[in-house]
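What follows are several structures.
In the two complexes below, subunit A is the common chain; its partner is subunit B in one and subunit C in the other.
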Partner chain A sequence: MTTVTIAIPADAVAVAEVPGDVAALQGFAADLLTVSSGLDDLATFAGDVLSGDRWDGDAAEAYRRAAVGTADAADDRSLVLRKVAGQVEDYATGLADRQRRRTDLVERRSTLVSGRQDLLADVNAAVDVSDAEIDALEQRAEQLRVSIATFDQDHATLVSDCQTADEQMVQHLQAVDTAGEVTQSAVGLTDPADALLQRPGAPGTDGATVQSVHDWWTSLDEAQQQALIAAHPQIIGNTDGIPTAARDEANRISLALDLDRLETREDSGEPMSFAERRHLERAQAAQTALDNVAAREDPVTGEALDGYLSLYDPTAFDGDGAVAVSVGNPDTAQNVSVSVPGMLNDGASIEGGTESVGNLYSTARLADPDQSVASTMWIGYDAPSNFGLHGLDTLQVIDEGLADAGGDRLADFLDGMRTVRDEDAHGRANLTVIGHSYGSTTVGNAATDHGIPADDVVLIGSPGAGHAADHATDLGLPADQVWAGSASEDAVSHLARNGWVGTGLGLDPTDEDFGAQRFQAENVQRGTHDWIWDHNQYYEPDTESLYNMGQIVAGTHDQVLTAEHRHDPWYGPMQDPEEDRRPNEIPTGFEP
Partner chain B sequence: MRRAPVAAAAMALALAGALLAACGSGSHVSDGRQGLEEIKTRADRGLEQVAPAVGAAIEVEPQRAVGGYVQAGYSGSTLLYGYDAQVTFRADRPIDFEKVRAALTDLGLAPGAIARLPQGRQGITATADDHAVVATLDADRRRLVLKAKTSGAEVKSGSLSAEERANLRDPKPLSLDLD
Partner chain C sequence: MSGYWSVDPGALITASYDWRDHADTLEGLSRRLRSADVSGFPPGVSGAATTFRQQWAGMVDSLEATSRDFESRMLDAHAAYVDSDVRSQEAFQEWLLQMGEGER
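For the complex of A and B:
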């Protein structure tokens, strides 16, 4: 018997850890950007005071001498922090890549270890075998040797990359860990943000349009975009034509600064003005809405949902506030909806509004689980919402002035959504625009006065479809893409004009003469509470209206439960056949 | 059938009424947290009334009883909450839905006709003084969900913490006498 020696290589080295929390680092980068933005505001404030001519004399001169240093220092710190934020973001991106590489290596090593054990067992068992079998074992040993050597090399590269990245990050941070170093680091740095806003097509420039803003934004490199987000979050966050993700990043900076400033004042017990309290209330409502979205799960995948703050201006409309929150990203989702609320809504209403569109998101996802969804609650116009001391706009619910102005803003917002979408990458969105109550009048006016790029329009609880809509097709869509839902007990929906009686804010879109498709929207508890309940339950889980709106948003129109129209015979009052139909609960996927 | 408003004055009055209602007047349920408790009590009581009768009618033992709040809508910065108390019956043979309807009729709830629902389900809706009763039968007719539904609780936005809101939405097992 001849003994043959087959050399089996040693096991692959154990894979080193790649420590670090990518999400925490990204949060740290966002925090740095927020602080940078706050310092930029301080520099701007100090600079504005310096350039003022309303204060003269020795005291003014002394202040200016002191303020010069403050403004410069704030500017330096803002720019340096912005730079470091970018470096931390880059580090986080690199860390995510290194952690993915480590996961791959762990899998490869597992395969190599088991392959080696198999080979070892086969060699030990190889007694009285042929030359061919010995050759085969030697070949396997050689292949294993090569694979382990390649693995070891890849592992060494990963370890080296980790060390290099860590050393660079440490250097970046150590370079600015004293005030002097910050000042030194700022030498040669210039803030590009202000100059960028002067370029043709930029927000606020003469003749700027949604398209020109988008063209301007996409002409900028990433560093320039980051600079603008940090230095001018209010502009970037609230301008149509900027992608949703950038608007969200900018608005979250503004929101964090507002909460920090106003909650600090509140906690300190300092007296706050009425306007400041309203401002804080709206900031907290926006934060709560975002937190609530983050706490929700996609009903199909079970993954946490992403919220986007695509509009945030708590001081808009004399302090009523403007805000929009999206559940899912409207720039990438296949089925996209935008909901427009009506009277009594302002910036403080976004918590309830976001819950409503969250319900719609889930229902539309379940209607077609293969299609992604994004649902936005848009409170971007001055809805009739308050009574007296600080405005009388609720009284304006009886005319269309606010709906006219709101329609203008809504049309721009929707144009912006279409414009920023990369249709080559994500396809064309199926866009449904939903108007509730006075919001339905706003949607009607946006469609008739400006044209909106919607695939479907839904009017719910409508007191009228607007002054220029005599027929569904006046909204710029075929009649079978205009939908109307009104509960028979919804008093507000009975305010619309039917036939030759009533005034309202235009025709009742559920009237047969209007020509829209009416869907079932009764509630099993109709009439059991104040009538405002029947006006505000269209987004409630397990209702006919939410089920039907979910089908419309998902494009599964053949599943919509249609209803008989209201009609207004010449011999008597308006008739609503839905009043005689017993409502049903339609499961929308919210079973306890 | 309803009479439509015939003049701007009527419309303005109606709006004023709606606005006042939105401000909380005329509600049948207390404001705030107390209202949340009240609607839960009503629904639990309603389920306790109907579940034994329905179970006896179809000769199936009730299984899983749970209750949870739903955000029924909102008005301005006021959140509107409802509450569902439900029990599930699972049978090893098809359930005769007419027997469910008859049981609800015997309880004086005046149920509507059996409705055909999406995905092959069937439903019956009935109304009591302070709650609604909904029975839903799955397409295979072996699983029946019976709900008592209430609403009417109004809570100011921001008065509940995120944890409280999540806790409300999270369905809880019910300890009710349903046999």
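For the complex of A and C:
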């Protein structure tokens, strides 16, 4: 018997850890960018302290000179910190890549280890084997040796890349961690943001449109976009035509700066003005709304949800505030909804509004678990909301003035959503626009006066579908894509122009003459609370209305539970067949 | 220097409030920096990141101190001008009243 020796290579080296937390690093970079933005604000202010003041002469000039040093220091620090924020972001991106490579190596090594064990077992078992079988074993050993050598090389490259990246990051951080180094490092750095805003098509330039803004934005490189987000977060965050992720990043900076300033003031115990208190209240509501989204889980995957602050202007509309929060990314989701609230909603209402669209998100996800969803609560118009000393715009609920202006803004917002979407990558969104209460009048006016790019329109608790909508098709959609839901005991929905009494907000979309599809929206507790209660239950879990809106948003229209229409003759009171139907509790299948 | 030294007390108080707003923001930003999460960095980087964070919080603090200085100096100057105006007015008023009494 002849003994043949087959050399089996040693095991592949153990895969080294690639420590680090990408999400935490992105949070750190966001903090640095926020600080950079606050320093930029200071630089702008201190660099032009006489702006707007009726102050000149030697004293004014002395003041200006005294402030210039602060402006320069703030500007240097802002620009350097913005650069470091970008470096941290790049490091995080690289780390994510290295961690993916490590995962691949772990899998490859597992394959190699089991292949080696198999070979070892086969060699040990090889007694009285042919020359061909010996050749085969030797070939396997050679292939294994080559594979392990390649693996070891790839692993060494990964380790080296980690070391290089870490060393570079340390160098970046240590290069600018004293005031002197920052001043030196800022030499030659310029802020491109202001010049970029002068380019044709940019926000605020003559003739700028949603499309021109988008074209302008996509013509910029990443560094230019970051510069604009840091230097002009209010503009980037609130301009239609900018993608949602960028708007969110910019608005979170504005929000953080507001909270940093106003909570510091509050903590100091110094008196705050009424305007400052309202501002803080709106900022805190937006932060709470975002925190609540992050605490929710997708009902299908169980993963944490992403929130997007796609509008944030707490001083808009004389301090009522404008704000929009999306649950899920509307630029990439397949089924997208935008909800427009009505009377008594302002910037401080976003916490409850976001909970509503969170419920809608979950219901639509469960209606079609294979389709992604994004649901937005848009408080981007001046809804009638004020009583008392700080305004009386609630009185305007009796006419359509605010709904007209809101329709204009809503149409732009929706156009922006369509424009920024990369349909080659994500397909066309199935877009549903939902108006509640006075918001349904706003949606109606947006559709009739401007045209909106919606696939479906839903009007709930509507006091009227707007001045120009005599029929569902006037909203620019086939009648079977216009939906209406009103609880029979919803007093606000009785205010439409039909019949012998009513306001001037338009026709009742649940009336048979209007031609929309009416869906069931009764509540099992109907009539057990005050007169307004039934008006505010449409987004509540386990209700007919939420279930049906979820089906509409998901495009599962055959699952919608339809209802008989109302009839409101001129000679008598409204007749609503839903009054006689026993309401159902429909489990929507998620924990709010 | 032109020798034309004019101060608008209204502009002083507005400027003081503006500096206060920025100082409050900077105080909040400093707090944000000090509590910024650097745990995402691996051990080889986290030391430098911690130092960086502390150093930058200090740089923001120094700008806050400058802003507070502007705030209080403008406020003090405003108060001094107002006080001076009031004293001048009172002194003049008192003199006028005395003169009026003399006439009677």
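What we mean here is this: the second predicted complex is superposed on the first by the 572 of 592 C-alpha atoms of A that agree within 3 Å, B and C clash if a C-alpha of one lies under 4 Å from a C-alpha of the other, contacts with A are read in each partner's own complex, and residues count from 1 in each chain.
Definition applied: a residue touches a chain if its C-beta (ideal position, glycine included) is under 8 Å from a C-beta of that chain, and two chains touch if they have at least 3 such contacts.
Please read these numbers as outputs of a predicted model, since none were measured by experiment.
After superposition on subunit A, the partners subunit B and subunit C are accommodated together without colliding. Applying the stated contact rule after C-alpha superposition, one finds that A:A295 touches subunit B and leaves subunit C untouched.
Within the superposed three-chain model, A:S349 lies in touch with subunit B and out of touch with subunit C [touch as defined at top].
Residue contacts after overlaying the shared chain place A:D58 against subunit C, while subunit B stays out of touching range.
Judged by the touch definition given at the top, the superposed model places A:N584 against subunit B, while subunit C stays out of reach. In the superposition on chain A, contact is made by A:A23 with subunit C only, not with subunit B. Once chain A of one complex is fitted onto chain A of the other, the partner contacts of A:T70 are limited to subunit C, with no touch recorded for subunit B. In the overlay built on the shared chain, the residue A:S110 is in contact with neither subunit B nor subunit C. Of the two partner chains placed by superposition, only subunit B is touched by A:H494; subunit C is not.
Put simply, the three-chain overlay gives an angle of 110° at subunit A, taking C-alpha centres for subunit B and subunit C and rounding to the nearest 10.
In the superposition on chain A, A:E540 contacts subunit B only, with no contact to subunit C. Put simply, the nearest alpha carbons of subunit B and subunit C end up 20 Å apart when the two models share chain A.
Of the residues of subunit A, not a single one touches subunit B in one of the two structures and subunit C in the other. In the complex of the two chains, the subunit B residues touching subunit A come out as 1-8, 11-12, 14-15, 17-19, 21-22, 25-29, 66-68, 70-80, 82, 84, 86, 112-113, 115, 117-118, 121, 123, 125, 127, 130-132, 134, 136, 145, 147, 149-152, 157-158, 162, 165-166, 171.
For subunit A in complex with subunit C, the touching residues are 18-28, 31-32, 34-35, 38-39, 41-42, 45-46, 49, 53-60, 63, 66-67, 70, 73-74, 77, 81, 84, 92, 162-163, 166-167, 169-170, 173-174, 176-179, 182, 256-257, 259-265, 268.
The touching residues of subunit C, when paired with subunit A in their complex, are 1-8, 11, 14-15, 18, 21-22, 24-29, 31-33, 36-45, 48-49, 51-52, 55-56, 59-60, 62-63, 66-67, 70. Considering their complex, residues 281, 284-285, 288, 291-292, 295, 343-346, 348-349, 351-353, 355-356, 359, 385, 394, 397-398, 488, 491-492, 494-495, 498, 501-504, 524-525, 528-533, 535-542, 547, 559, 561, 568, 573-576, 579, 582-587, 590-592 of subunit A touch subunit B.
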